[in-house]
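Here the chain labels run A, B, C and D in written order, and each chain numbers its own residues starting at 1.
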Amino acid sequence: MKRNRAVHLLSLGTMVACLLILGAFLILFGNLSNWVGQWGSTLSMSIYLKDGVSDYKRDKIDAFIRALPGARIRRFISKEDAIEELKAALGEEGGFLERLTHNPLPASYEVVFETADSNRMDTEEIKARLLGLDGVADVQHSRQWVKRLEGFLHIVRLVGTVIGGLLCLCVVFMVTNAIKLTIYSRRDEIEILKLVGATDWFVKLPFLLEGAVLGFFGGGLTILALFLGYLGLCSKKIYLLGPTPLEFVFLPGQYVAVFVSVSMVLGIVGSFIAIGRFIEV
Amino acid sequence: MKRNRAVHLLSLGTMVACLLILGAFLILFGNLSNWVGQWGSTLSMSIYLKDGVSDYKRDKIDAFIRALPGARIRRFISKEDAIEELKAALGEEGGFLERLTHNPLPASYEVVFETADSNRMDTEEIKARLLGLDGVADVQHSRQWVKRLEGFLHIVRLVGTVIGGLLCLCVVFMVTNAIKLTIYSRRDEIEILKLVGATDWFVKLPFLLEGAVLGFFGGGLTILALFLGYLGLCSKKIYLLGPTPLEFVFLPGQYVAVFVSVSMVLGIVGSFIAIGRFIEV
Amino acid sequence: MIQLFQVVKTFGPNVVLNNIDVKISKGELVFVTGPSGAGKTTLLRLIFGAERPCAGHILINAINLNRISRSKLALLRRKIGFVFQDFKLLPHKTVFENVAIALEVTGLRPRLVRKKTHQTLRLVGLAPKEKAYPPSLSGGEQQRVAIARAIVKDPLILLADEPTGNLDPDLTQDIMVLFRNIHQRGATVVIATHSRQLIAGIECRTIVLNQGNIFEDMG
Amino acid sequence: MIQLFQVVKTFGPNVVLNNIDVKISKGELVFVTGPSGAGKTTLLRLIFGAERPCAGHILINAINLNRISRSKLALLRRKIGFVFQDFKLLPHKTVFENVAIALEVTGLRPRLVRKKTHQTLRLVGLAPKEKAYPPSLSGGEQQRVAIARAIVKDPLILLADEPTGNLDPDLTQDIMVLFRNIHQRGATVVIATHSRQLIAGIECRTIVLNQGNIFEDMG
């Protein structure tokens, strides 16, 4: 037993490394789809006002927006807010803004549409109606951008499947290797067992179990490591778009179970290959 | 021999993984210092002109800049150029620029100082003299920015050293493990050798050699993999700052030699540890 | 019980058994002898199905070993006890476990396994050593573990390959008494040995192998 | 040559040698006998420095084994030939390499190694098997490889542990002639055996071990 401990630790380590990549990818992908889903379901619109628009006109615009189905005014950005934000966004490069003689930026409303399926909303029609109002200078919406992100997600999923498959092969290879070595180191024992009349399965079963255990622990350790890494990630606030930090989620419960089971199955497959090649001799 | 091949492949793989991280880090760090070095040695200055400056005044400013030691005018950015560039930089967010009633950006000269050691240059003095000229609105220079990058590089170096040390430990551990297993699988042989009167060194030497070979191949394979990865990276143009793509360099020749040697030494150290623990029994 | 027809066994250019015909009836006690390298071990291994003949047929209980499946062979081996010349003990299992394994593979109940194992270890005089590991045993003790493992399952056929090479004359006598008991209970016993003392002690059939042929077959 | 003073060797509660005093002079030929488990192998291993006594002192050529360094012990072993009861052959090296290794560790020139090895293999009748691997050899052939490895270096001391347990009577005679030749060239020879035939063949000193004591020491 002792002699195999080192091999098993070695393969467990390499296995966990492979599975870690796989798991990290799963988490990343899950979060990406989450984010894209969120953005997709909350279509947002910026409505720019003409300079010097009267309060009366603004109230009418305000009321019009509130009457749109599913629409919520996230905030109103005054001309002053707009220039401050631009300054903050440009940082040092924004030095030139100090030298502006007057504020060129327009005031705007930021509006989100929180309908169950924003895809069916006719954004172009709403835009046209808004432009028809007195005092509205321009309208921009986020639809095209989400479309592009979904294409990107599709590619990520494809690449992920290919890499995931390769990594699974790696895991199987690791286990096969480890079990082969165990079998090799116990070949005398195997020979003797057969000489005293043990059936093939009596000899094979312990190795299959060993592979299963290896796979189980590999999967379990990986989940553990991923979770620790996840906690570390959560403690940091990461800003990607906009002022709210990204929200990370871990693999859902049933994914964890599937992950560990798959890793166990990979272990069994690995030892199966090892056994097939060795014990018949 | 055959029985150990699998172990050795396994440890070689894990070793290469460790060394890959190490090597990738070395390359990254080398390139980062390169870039920072380049930026640092070419101190750049932006000289903003007042609106509506006369050609006569501009010629005087032009002449003054050319007279500065080591200075080269990289380009003159007219007001129109400036707004175009800002539009390109902001992309979709720059929509508001369309609605500007007049161009708020100033024209500017971009000047680089290509002196051997730009550190000794008194930038503040030059700045003051430039501001004294008629028609100059503002002067900005890149010194502070480089300072900050160098601090960052320092941290990268520190973190890299720590991680590198850990990875080296990993490599030693891998080799120790592999050699321990070899020794274990040949313990009968070792016992018999000692019984027929072999000295300790006669028994130990082959294992030390094995460790050295393992280290050498681990290092060599890593360099190979890194080089392939480097070629792949070079084939893509990556833009980070400005319009010129990043230029990557590989590890210099003597670094490659040092890298492989270190990996070999780690192999020897690893087998040394393995031998010490096992053969004395 | 055991029948060999025209059996040939060669290892490369080395013809070990050359057209051997042997018939051993149920309940016989037979010695196989001959010089070192004559093929005694090979003959026993052929009968055990551990080696395949290059030509000819071997029948055990009317089962042809050339046609037997792997699982049938395992079942057959449970009825055959083999004392290996090089013992073939598991170094990482205790004496007790080494002997018990021959019963465990048959799926016998643990309680019975323990009882039979203890009993057999007492028979060969190793009861005090049952918790020891083979590498810490003397040559003779290891040989007796091998004997115990072969006889613990009350085999129908007992094949013993030089079973007393490491035993002193007194122990040799004891072991021979054991073998004769097993024989008297109806088992077929085949013993390969060099020992003149062993053969001289008992009046029975002796097969003398030499240079691939049966040189003498005294009934 | 070989002196044991008050040597005690125990394994756990098992007292194998209890206050043994033995003196074997240079050039003697001595048999060690006794029942299985009496401690013959243990005695030889103590003399060889493969086992340390629990009490007492062992002197070989006036060197105290309790105080010898590891490298000195290696040098001493080059002068001692040991035929192990369990052969201790390297399964992945050929017969030739197994024998040659005893000379190679001494740093002898390869040409001489080859010559001596061939010569010794011829002496034990294994010249045709020199390219075979030990697992493919018969029991007696393996034993002769072990003997060849012990005598190939013309040892000053030859320790042989049951060296003829797997050999037929004719070969046993041949091997004894070999041992006596080595003895006549001046070497000290100690043979542990059960075989009455072996002991009866030669008139010489016999040490009988029993239950940890020297039971009989016939000069």
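Simple rule for what comes next: a contact is a pair of C-beta atoms (placed from the backbone, for glycine too) under 8 Å apart; a residue touches a chain by one contact, two chains touch by 3 or more.
Treat the numbers as computed from the prediction; the structure is a model and nothing was measured.
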What's the overlap between the neighbours of chain A and those of chain B?
none
Chain whose average C-alpha position is farthest from chain A's own
D
Rounded to the nearest whole Å, what is the centre-to-centre distance of chain C and chain D, using the mean of the C-alpha atoms as each centre?
29
How many angstrom between the C-alpha centroids of chain C and chain B?
71
From the C-alpha centre of chain A to that of chain C, how far is it in Å?
66
Tell me, which residues of chain B touch at least two other chains?
none
Can you tell me which residues of chain C touch two or more of the remaining chains?
none
Draw the chains as dots and join the ones that touch; what shape do you get: line, ring, star, complete or other?
ring
Which two-chain combinations touch?
A-B, A-C, B-D, C-D
In the complex, chain D touches chain C at residues 11, 33-37, 40-41, 85-86, 136, 138-141, 144, 161-162, 165-171, 194, 196-197
Inside the complex, what are the residues of chain A that reach chain C?
1, 188-189, 191-200, 202
As the complex stands, chain D meets chain B at residues 48, 50, 70-71, 74-78, 80, 82, 84, 88-90, 92, 101-102, 105-106, 149
Using the touch rule from the top, collect the residues of chain B that touch chain A in their complex.
3, 6-7, 9-11, 13-14, 17, 48, 82, 92-93, 95-96, 99-101, 104-106, 137-138, 140, 145, 174, 177-178, 180-181, 184-185
